[in-house]
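Each chain gets a letter, A, B, C and D, in the order it is written, and its residues are counted from 1.
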Amino acid sequence: MPQWLQSVVDYVTKSNNTPGWYADPVASAIWALIYIILIFTGVSIAVIAMNWLERKILAHMQVRLGPMRVGPHGLLQPIADALKLLIKEDIMPDQADKVVFWLAPVTIVITAFTVYIVIPFGPTHAVTDMNIGLLFMLGVSSIGVLGIIMAGWASNSHYPLMGSLRSSAQMVSYEIAMGMAVVSAVLMTSFKGGGNFFRQIYGTGGASVGTLSMIGIVRAQEAQQTWFLFKFFPLGLIAFFIFAVAMVAETNRAPFDLPEAESELVAGFHTEYSGFRWSLFFLAEYAAMIAVSSIAVTLWLGGWMRPFASLHGPNVEIPNYWSGGAIDLAFALVPALTFFVLALFAFIGTVRMPKHRAFRVQTIGLAGFALALGFIGLVLLEPHVRDRVQDIFWFSLKVAVFMYMYIWYRGTFPRYRFDQLMHLGWKFMIPTGIAVLILTAALGLGS
Amino acid sequence: MTMKKLLRKVLLLDLLQGLSLTFRYQDPKEIYTEQYPLQRPEVAERYRGAPRLNVNPDTNETLCIACDLCALACPEHLIVVTSERNEKTRRKELTTFTYDLSRCMFCGLCEDACPTDALELTQDFELANYTREGAIWDRQTLEQGPQPTVYKK
Amino acid sequence: MSEILKSEQSASSVKHLELEATPSPAYLDSDELILNMGPQHPSTHGVLRVILKLDGEKVMGTECVIGYLHRGVEKIAEHRTYAMFNPYVDRMDYVAAVSNGLGYCEAVEKLLNIEAPPRAQHIRVILAELNRLASHMLWLGTHALDIGAITPLFYTFRDREEILKIFEKYCGARLTTHAFRIGGCLYETYEGFEDECRNFVKFVRPKIDEYETLLTTNRIWVERTKGVGYISGDDCKAMGVTGPVLRASGVKWDIRKAQPYSGYQNFDFDIPVGTNGDTYDRYLVRIAEMRQSLRIIEQAVEKLPEGPVMAKVPKVVKPAVGEVYHGIESPKGELGYFIVSDGSTQPYRIRVRPPSFVNLQALDMMVRGALVADVVAVIGTIDIVLGEVDR
Amino acid sequence: MQPVATSWFFYGLSAVAIVSALMVITRKNPVHSAISLVFTLLSLAGLYLMLYAPFVAGVQIILYVGGIMVLFLFVIMLVNIEHNLREEQFNKQWLVATIATVVLGALFGYVYYHGKGFFPAAVPPTPEQVNTQQIGMSLYTAYMFPFEIASVLLLVAIIGAVVMAKKRI
């Protein structure tokens, strides 16, 4: 058996490996590749699911039904949409800058997906664990703005240009506040508990050190036995709040959707785009939403950890009040239960489907969907799967909460005006961010 | 008062109120949408929809006396009535009656003008048509009502 | 015309737009950007085209190009009898068709020197106030949509639907109602009309509170609307602006009180007046007006007298030679009809004074120096209907 | 830890860097130049990564590509491009430029040839883990003073920019 294959086998059988930390480079590459494919598929599915969920949830908030025709309860609507977009005529304005017009959506999509390289869906579920993971994420996601600017400029049209100008100004004002919030979270990784723990794992000496590694940040929260959201209450909360606002602005979603404000700029930076190219923007927007939510989850909500997780080290396991046999098992069963509940909802939907000839196919389809959900739930009951997939479940659940919030904001709030957004960013969020950073540092002096 | 305002602002109460309202509305009971072809809307009794030329149910003769009042009352002049004098009965008899639905604004003035209740705007509201000519209804269509093509899978 | 327009304020304070006007030095003197907003634009409420002269996002000047929806309604009137023209007025301000019809019918009645019987007048008031509610609801939904809140639109449309149902039951049409005839109402109320009106009032009161929950105190809404699109009461008078826009600027002028028609003097209601003359005040004034309309509906339903709904009107309406102006308070402002009769069955000339058209003139004053986003908000707050602007 | 396919990446990245750098100066359209510059900067970031300097690479991306280039494009977009396109390229200084390039190249060659001692064949790479911390340590201990001077300089630059941009304050 060649060495790399051995490492792959090791990886599957032992669950305590850190991504990207294999002795054999080929094994690392293969595993990275597999994870890239998994994540790409997963994110694409998540985007499709988000598309459907956004329509449904928004519709229900607005006393509407939402899509109902394509598939049971419109479940196949995103696929119908995707097909429509793919076969739609792809128009490029005559006076557009051809190269840049082509490059813009590609840039946005690439950056939106590159970010996922460092997102830890679990202690072992990541493409790689970069030393500068967080920095890398923020950097790459800031390139996405470049794509928006290119799109707006290349369209050679007034509304897109204004959209992209707004976008760049928005980015400049929010990236800083976001950075301040992030730095305060990074600072927290070096505090009590965390430092010793890192010495154990990474073998670094000297004073307690923080980390920029995404996995390291979650490990620090584990080591300190708290989510950073609750650390130095309410400092962590405020930092999280700043990030939560900034991330909405960063992804151009309501109430900060100025670059594409449809009532002012028609469609903003992608006014002139259609068909496949437009769908790339759409894909990238949702991928970016999931990505920044993942940052927020990693930094403040304990990443993949289940609530009240105990401390897992390479060689240590320190249980806390909320862990131990029965409670661990209860938490481990939650993923399967969630799927069963979803399956139940789908089943109720099946039963309540109109008893009409035209709906027979749809009823069968929904029943099939319910069965599939139930089957996934059953698979999740299997102990091996359960142990390996739990982390991903908790991570996805937390991200899903953020996704819901995005939709919720969109359904509730009016849109900020351009100057008010800048005002909020520069005069409120950045000073607050700096203050939180200083206070965090001061409080952390003792540890 | 100002303290209260400040607290409201800091605790984002104004935003949370709105959020809770939209959250509450997610209850499926609140959904207002009608699933149109399945749920037929109940149109009011006085609804002014597709025109109909009434016939006497017993004799199957038209009620229209070709008095042309509806054509005169119509603001859009879209009704054309032609008649012929029946030499036997010495009465005007209706020959053709065209009603151009594409120009109709369903004001109901023709209905009001009709002395014999022959012309009536019914509760039928599905008036879509594939051609412009299809929107011009002749006497037969007006008496029988539109016969929409039924498509089968 | 109305007293208010004869006020001491001359039109001199109104600055006419010159697109070549020099930009104020306080701003970046970059190249000007001429932006054609509309006629196809999601928030110009139809086919209004606004040419914006921008410096960055700041508006240096605007010019409205109208007429994309011109159908020559006033000209059509010259070739229709008085009764035949009645359905056309519904199609001017199509979201407040009842008010249009009311104004027209009353104007012709004034010309004929007849008056609708009291029962008809009460029915007219109920329907007109319901229509005011419907119009304001539609305004609120679309205005909020312009500012980016998409949800109120659906709530207001849901509640407006109840009004339209009453319309449909009463006169057989939902939008372009053709509810009234010269001399009164064609239709007697249907069975359960009073109860439905009462239930509607009960149903809609909490709903208005809901709209307010979403918007009135919401900091984003307040920031987006407070101080935006300011216009002073004097400027309003100079421009001939009427309706909620005028009242929000602190001028207490409502034709329902000042020159009562259709028995409005019999009802007890207040005229909400704003102080700041900005978009937020116009929003508050309209919300308050919705509540006042509910009050009027309640009273009118309680006091609904018995009797005929149609006055004695000759079969062929043939007024004597003369002219008449009659203005009513439509949801958008003073809606006036000026009718010249040459003694024939057809009017010699009808001139409509549409509130939207006149109010739209104030757009430039309101948005100069504001941002593009404010233009959208101000177009929404003026509450224009292009069918009425272009006629 | 042995990086994968080092030389491939190196040559690829350098090729991208050089080609896009050439594009920066040859493109007539300033936006195209700016976008080429983005590619140059990105490939440089890749090269930093290969030198076991992930922090520098990250900073390169977040600051230069994400921040400065966005502002660059922001400004360039507002420039009247048509005017620039009509301008003659390589104005009248091509001779001077060529001489300067040749001299610089000669200088590089000379230094490289005579100073081989400065370029040891193999420097032991710093372990990746402590790289970021090392930078922090150095910045806030040994190089504290230059660091602070640099930040004051930046502050001055910011204020200067504001003063220059605003005609009246």
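Just so it is clear, a contact is a pair of C-beta atoms (placed from the backbone, for glycine too) under 8 Å apart; a residue touches a chain by one contact, two chains touch by 3 or more.
Small disclaimer: the values here were computed from a predicted structure and weren't measured.
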item	value
Which of A-B and A-C has more C-beta pairs touching across its chains	A-C
Chain at the geometric heart of the assembly (C-alpha centres)	A
Identity of the chain that, by mean CA position, is farthest from chain C	D
Between chain C and chain D, centroid-to-centroid distance (C-alpha), Å	61
For chain A paired with chain B, centre-to-centre distance based on mean C-alpha positions, whole Å	50
Whole-Å gap separating chain A and chain C, where each centre is the average of the chain's CA atoms	47
Centre distance in Å when chain A and chain D are each reduced to the mean of their C-alpha atoms	31
Contacts with 2+ other chains: residues of chain A	61-64, 411-413
Junction residues of chain B, two or more chains touched	15, 18, 21-22, 32
Interface hub residues of chain C, defined as touching at least two other chains	151, 154, 158, 214-215, 218, 220
Chain D residues touching chain A - in the complex, by the definition given at the top	2-4, 29, 31-32, 35, 38, 54-55, 57-59, 61-62, 65-67, 69-71, 73-74, 77-78, 128-133
Parts of chain B lying in touch with chain A, wherever the complex brings them together	15, 18-19, 21-23, 25-26, 28, 30-33, 35, 38
Residue ranges of chain A touching chain B (in the complex, touch as defined)	57, 60-65, 68, 354, 356, 408, 411-413
Complex contacts: residues of chain C adjacent to chain B	80, 83-88, 91, 151, 154, 158, 161, 165, 168-173, 176, 178, 186-187, 190, 210, 213-215, 217-220
Of all residues in chain A, those that touch chain D in their complex	25-26, 28-29, 97, 99-100, 103, 130-132, 135-136, 138-140, 142-143, 145-146, 149-150, 152-153, 161, 164-165, 168-169, 171-172, 175, 202, 204, 209, 212
